[in-house]
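Remarks on the structure that follows.
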Amino acid sequence: MTAAPTPHNHQEDTRDPDELRLECGVFGVFGAADASVLVTLGLHALQHRGQEACGIASFDGHFHNERRHGLVGDNFTNADLAKHLPGTAAIGHTRYSTAGGAGVRNLQPMFADLSCGGFAVAHNGNLTNYMTLRKQLVEDGAIFQSTSDSEVILQLVARSREARVVDRFVDALKQIIGGYALVAMTNKKLIGARDPLGIRPLVMGELEGATIFASESCALDIIGAKFIRDLEPGEVVVVDTEGVRSLKPFPDARLRPCIFEYVYFARPDSIVNGKSVYEARKQMGHQLAREFPADVDVIVPVPDSGVPAALGYAQEAQIPYELGIIRNHYVGRTFIQPTQNVRQLGVRLKHSANRSVLAGKRVVLVDDSVVRGTTSVKIVRMVREAGAKEVHLRIACPPITHPDFYGIDMPDREKLLAATQSLEEMTKTLEVDSLGFLSVEGLYHALGSGPRNAEAPQYTDHYFTGDYPTALPDQELLGIDKTHISYLVDA
Amino acid sequence: MTAAPTPHNHQEDTRDPDELRLECGVFGVFGAADASVLVTLGLHALQHRGQEACGIASFDGHFHNERRHGLVGDNFTNADLAKHLPGTAAIGHTRYSTAGGAGVRNLQPMFADLSCGGFAVAHNGNLTNYMTLRKQLVEDGAIFQSTSDSEVILQLVARSREARVVDRFVDALKQIIGGYALVAMTNKKLIGARDPLGIRPLVMGELEGATIFASESCALDIIGAKFIRDLEPGEVVVVDTEGVRSLKPFPDARLRPCIFEYVYFARPDSIVNGKSVYEARKQMGHQLAREFPADVDVIVPVPDSGVPAALGYAQEAQIPYELGIIRNHYVGRTFIQPTQNVRQLGVRLKHSANRSVLAGKRVVLVDDSVVRGTTSVKIVRMVREAGAKEVHLRIACPPITHPDFYGIDMPDREKLLAATQSLEEMTKTLEVDSLGFLSVEGLYHALGSGPRNAEAPQYTDHYFTGDYPTALPDQELLGIDKTHISYLVDA
Amino acid sequence: MTAAPTPHNHQEDTRDPDELRLECGVFGVFGAADASVLVTLGLHALQHRGQEACGIASFDGHFHNERRHGLVGDNFTNADLAKHLPGTAAIGHTRYSTAGGAGVRNLQPMFADLSCGGFAVAHNGNLTNYMTLRKQLVEDGAIFQSTSDSEVILQLVARSREARVVDRFVDALKQIIGGYALVAMTNKKLIGARDPLGIRPLVMGELEGATIFASESCALDIIGAKFIRDLEPGEVVVVDTEGVRSLKPFPDARLRPCIFEYVYFARPDSIVNGKSVYEARKQMGHQLAREFPADVDVIVPVPDSGVPAALGYAQEAQIPYELGIIRNHYVGRTFIQPTQNVRQLGVRLKHSANRSVLAGKRVVLVDDSVVRGTTSVKIVRMVREAGAKEVHLRIACPPITHPDFYGIDMPDREKLLAATQSLEEMTKTLEVDSLGFLSVEGLYHALGSGPRNAEAPQYTDHYFTGDYPTALPDQELLGIDKTHISYLVDA
Amino acid sequence: MTAAPTPHNHQEDTRDPDELRLECGVFGVFGAADASVLVTLGLHALQHRGQEACGIASFDGHFHNERRHGLVGDNFTNADLAKHLPGTAAIGHTRYSTAGGAGVRNLQPMFADLSCGGFAVAHNGNLTNYMTLRKQLVEDGAIFQSTSDSEVILQLVARSREARVVDRFVDALKQIIGGYALVAMTNKKLIGARDPLGIRPLVMGELEGATIFASESCALDIIGAKFIRDLEPGEVVVVDTEGVRSLKPFPDARLRPCIFEYVYFARPDSIVNGKSVYEARKQMGHQLAREFPADVDVIVPVPDSGVPAALGYAQEAQIPYELGIIRNHYVGRTFIQPTQNVRQLGVRLKHSANRSVLAGKRVVLVDDSVVRGTTSVKIVRMVREAGAKEVHLRIACPPITHPDFYGIDMPDREKLLAATQSLEEMTKTLEVDSLGFLSVEGLYHALGSGPRNAEAPQYTDHYFTGDYPTALPDQELLGIDKTHISYLVDA
């Protein structure tokens, strides 16, 4: 989901501007004692999909909800968790971004008291017709409590003229456009749903008779649940005491998942749409080594995201893999450099050079992607200052030239390095001796899916190609009328 | 306003169960630099109308909002207040009750992004058809973010088919029943409104060209604003840069204000509906002395609310007025007696006996009212333990026999002492040598308004008479269906 | 006790600069189950002696300690209190002042691990040779953990060459000069001690076999303890399982208590040195009316401290006593006026005028004392703005012309109004029609102790007379060397 | 430093009981603008040496101090840092352990106001005669404010009869026994000191004329400071505006550093005593492969500490190195498993298995060390559940059989796995197919220092050999009298 831009934040965003941030993670349980405890663990395994906030809703005859800023492990640690969030059904959410004034009311799960009973929902992804729908709903008298696109789903369910809640939910899904994985909970059911192209991932698992939904399989592993299957594109799975039922309200659904889940977002130990993420990344490294070999002494990953690709590159190239850059995992998200002359030290808070590996060496650095390039150039300089003789940069995905509208927090197009510079220019900008990006076809090949079918691509790869998989109504609306929302800025 | 009962509080309510709690205070400013600063001060002067939470919304082109649990003086103290809540228009609210899970989303002012622009509202009072309206609205697809009756007004405004926001607001007022004083703010206007019987008070003032609305005149005094007038019953006053305009959408409006504002709620230095509250209370004491004289040595008030009546009693009776009971103002609202044997000390946390005044004396205690009687009996015992020879209790209002539905937080009827016991029984229960309650006619007389017009009473006095001034639709609904709301319990 | 001045506070002191602040309150219990619960209640009753911080130490075989900023009722409210602070012996402390960087290490009770066992102490008062002793101790290798004079006592006990802890404590007392009431606790005993002139008060009580020490008798009343007696000047009372033992280590001790306890500090329901504080204050009012009568319509107290004297004045003068000024008890201690033009409203946050009493009237205002006069002039103006025709100010104590060094937080002499202005000048400064201060002899008379014995005054009254009861070594030291302490400023 | 055991913690320690925790990190700066900002960055780089608490003291004519629980990056992030902690000299400390009641008074830097001026000190290491010295000092009248051994140094400095502070410090050093790296600050000087055997590391650097002391060279790198040299064993380096001066008060000092710094504690990018830690660990892996080869498909590190040794092992064995275990870096230190049946999931909060690497494979797991073995066995089971056919465990250091007394937080001897079980027993306990520990001689060889000189070992390796490098007076004292300290338990 995406928070509409809140223009009056009193707090500065101090996160790394060069880091892609994913969307969110969702998790749901039906039919387990202390369901909220399992959700806590599942969300912990999905923490990489959103570190800014988290929330859990449970049902034990009443709906209960806790939504908090910060990590799961810093918020849902109370021994009384199962008392605060009782029940055998629960859903949860991790969220990447609430910098500033957004406030708790933008956190998930969101809840509505419907005439047919309560309804809670957690959403990973982004709607491309959120503002369009919101405008219509507000004109029709709806009051939005948040600036999140997820609430549109709630409002559509509330307004549906269908009698039963599952029908209302399907009614709402038919009106929204975009990429989404949803877990919803009523006073009787748990529901999982995936968008008609399966852009965002969602898997189903089982633990001692309980049904589980999760954004990634690694969240099943942490609780020892059995992986059952990926949800199919456009599938709605309804779980209640009667059993598990699959609905397919979109006749034209077909799989076209986000390729960036493999490049960067998913955890390496997850299996996404049947493919090992770790293995995929290693293959990207192998392919990269084939496409852009280099005569060097050592292959060094930019940790942590570049590690599997670097291993693949090193194995393919038969050149030693060494930890030339050490990552400091203690970096607080709020670490502020207090004075101007210290600000330049920025990148070193997270990374430091391991001189014993780099001094006097010709080095290939392997990273997963380049967004603005600001972090990359700092790392390159650090590696040179540590004594590297040559620095060659290898990127395990194609140049990012177009923004995403399906749940990845990317900068505007003009700030994407590859959207404005040629390879030669980038080589200079990044101050490297050579630069290589994995090709689009190479990426498909690494995934074992190539060649790319230009008519009906196997993945959505619009960040590299501009080939967006759905309509983008809000982009047109924004061109006309950017300010139709009256914000309430919670201080 | 009233929060619907939230049945799953994780936190115990530790407030004095024998204390009446008022509803709320409201305050609004239009046309002053740093309007939110004036609102802060106004709310501070209205703190006696609600100590549990407070909130301020301001407008400077955008809407800003801060809502907090606790006192105004503990929350709105930041030197940057005018930066956080900028603008020349602002409204504010103090609230009495948010024990437990109610959460910030039940606090006021509340806000809605309407198709015609933003709308914020703060509400003092209670609607008697809140649940009836909420049921209809939810069936029609509305999503409530709170369990507060105030949100019904917001939803009605959002749903109105009128084009202009003032017309929408009037449209909403015509659908609600109850006692209310409202201040609302749009991106162009400040609006004040009082229910058709003027049950809840609302005054208008002026400060250097700015227009002010406030629950009581004492809130004008604190900022040095000039008192203009009370709003008339059923009046809607709209303020914008064009000036001040009065609407009278209720043709049959007539004044029948809450008599308890004079007995207990309003601050003694306020002028309510043209009458000094201090003077009214002193006259209740004079009248009480005439109705129930006593041959004693000393007149002692139960502080602080019994002080003016005790002064009046003592002056009428020509008997010395002495501070025989000392009140400790440092009592935290959360002071919990940690062990059973200490729990009996309860009342002494707030009151202590001044032995030098009481020992060997015949004493009249004067209090403003008796609700359950639990506090009174503890005070009577404390006075006897301090050596009083005789204890006579005089209450400066009639026996409370019926609950209120217009914003006073009263216990159920069966817990009201005077609803279940005769005067003789109460005399025994309260362990006093004699007991006297001011008569209803005596109360009207003390207010200079007697005798009571039984056909069209000058005040609403239903707590004493059962004569409710409006229809009570929710009472009928509750008889049928108590549980139609799906609560989301925010932990 | 007094914190040495910490010059680098990062936080501004926002308290009323015109208010005298007392020193502290102490309380101790030996031989009661859940002793810390009783201490909590006793400290609550002593809250008027210090609202800035509080602390409790208990002993159950181990020493336990909790020290907190803020009110007792906001800090010691946990139902688990008796678990956190277990044991049958406990001591506690309320403290007036920790503005800025002083930090928890300056709070009391203070503790030392002595070679003969642990020793905890709480102190009300001030030593006049604190810095002199500290300088010697530091030269001798002592490390001070606080900037509080109370720690000197701890260090002297630790250094004493006596074998037994009571002898060490007496050894320490013989080295200190000043006014003090001390309660101390070892692993076997509770000790109470009062300075050789009995400047600071300390009483002993009894509750079901347990022995209690308290700064004032009102703290015995709150727990229903029986008042036994005031400690004698210079007396050290030692309580253990063997019983209660009285030591008199100062042969020349004689009672000369602080007269300001009667004027301002003690609670009206306390009995201090055998005299009712309420009765004393009323008599000051009677005497004031005799010394400075006025032909007026109404007697108005400056609440709350002027109330008993105003009652006495009104009774003596046979003029109606009315609440012309209303005090707002909700004022947060941190209420900051956020903009310059609001700053002038200052005093009205705490006091407001009751117009119905004041308009068109000739008024006598009665207050307990005048320090700088800044609050008084604001109140006088407020009363005039409310329509008073004449305002006569009557002060129920003599002019304050000299600073205190025994535990009262007074401004420097040059800031004391009466130290720099004549009565005529003060009348102008305070903008009153007439001004009268109770005479020193009148004050002694009101206390039933007159006339004042100039050779050996019955009270210490140095604030009015400059006649200090003890030597003042630190005042000489400060003249020479103000900065011999290296402060550690805890941010 | 070591906190004496505080027996009455109200908070449970939820850290991994199987993890070795180091002692602390220290950092000091003299002669740089905004010295505290540099200290913040240096401490951030030393965060791996202590995550529980941190503190900084600075001097700008006054001493300033901030000590906080938690990470540097969560506490010292304020843009006003240089205002709160001003000055051109500053020292800082990271600390591993403050579980429970220890309180801020146990945090460092510690400070004393000496007669010759203020003195602040930060300490990494542990004294083996702490309790012995403390007992003597308390008998002599010293009051300890903490239960930390570091305060003994402060007390000895305070008591020294030397006139000058450097002489006092040396006087203190001559009385203490143990392993330590100290940075101290007076109102004129910065001092660095290392114990006579150089057990704990300390390096000196230079940045634009400013002198830096740091526990490890990685803390110089983060601020771009130049490495000058390791301090020599027993060396005291004094820095002031006159320059840098070296004292050698211990004539018999000789280097015998802690070998565990190379095995586990130091960061891989640090150079300790002239050796690259990363290179040392890789060599341990090479040696381990030579000593304990295995016929397997894949080499998998236990992240993060086993990574360099696993790389070395894989390179030596010519077997693929793969990330078969993924570490979750978001684990909050306070993550509590809320119910019994979830508690068994424990280890998976931090580690998860990467099935695509492990399934059907014969695996060598490489870890740096084994303490209790509880974590190892959970990891082995997890790897097996992920489908590994064989699991062979290789440990890159010898069996730990003896506790440390120089700053490593180890369990009692009976809880050390290798102290109670044979290799064969451990193989069963850990449920592995084979088990191999690097030999002591192999470890010396990997460090390029072998063979071990049994008469005068080049390192202290007592955890493996029982050959302690210093006297252990407290161990004798503890045998006699465990409870001579009266604890004050701060709640």
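Couple of notes before you dig in:
Should a chain be cited, it is by its letter among A, B, C and D, assigned in written order, with residues numbered from 1 in that chain.
One rule holds for everything that comes next: contacts are C-beta pairs under 8 Å (C-beta built on N, C-alpha and C of every residue); 3 or more make two chains touch, one makes a residue touch a chain.
In this text the structure is predicted, and so the values were computed from the model without any measurement.
Distance between chain centres (mean CA atoms), chain A to chain D: 37 Å. Per-chain Cα centroids separate chain B from chain D by 61 Å.
In chain D, there is no position where the chain touches two or more neighbouring chains simultaneously.
Chain contacts in this assembly form a single closed ring in which each chain touches exactly two others.
Applying the touch criterion to all chain pairs gives A-B, A-D, B-C, C-D. Of all residues in chain A, those touching chain D in their complex are 34, 37-38, 40-41, 44-45, 47-48, 51, 71-74, 77-82, 218, 221-224, 267-269, 271, 276, 278-279, 304, 307-308, 311, 315, 320-323, 326, 328-332, 334-336, 338-339, 342, 345, 348-349, 352-357. Looking at the complex, you find that chain C touches chain D at residues 7-8, 10, 57, 62-67, 84-85, 104-105, 111-115, 117-118, 120, 135, 138-139, 141-145, 154-155, 158-160, 187, 485-491.
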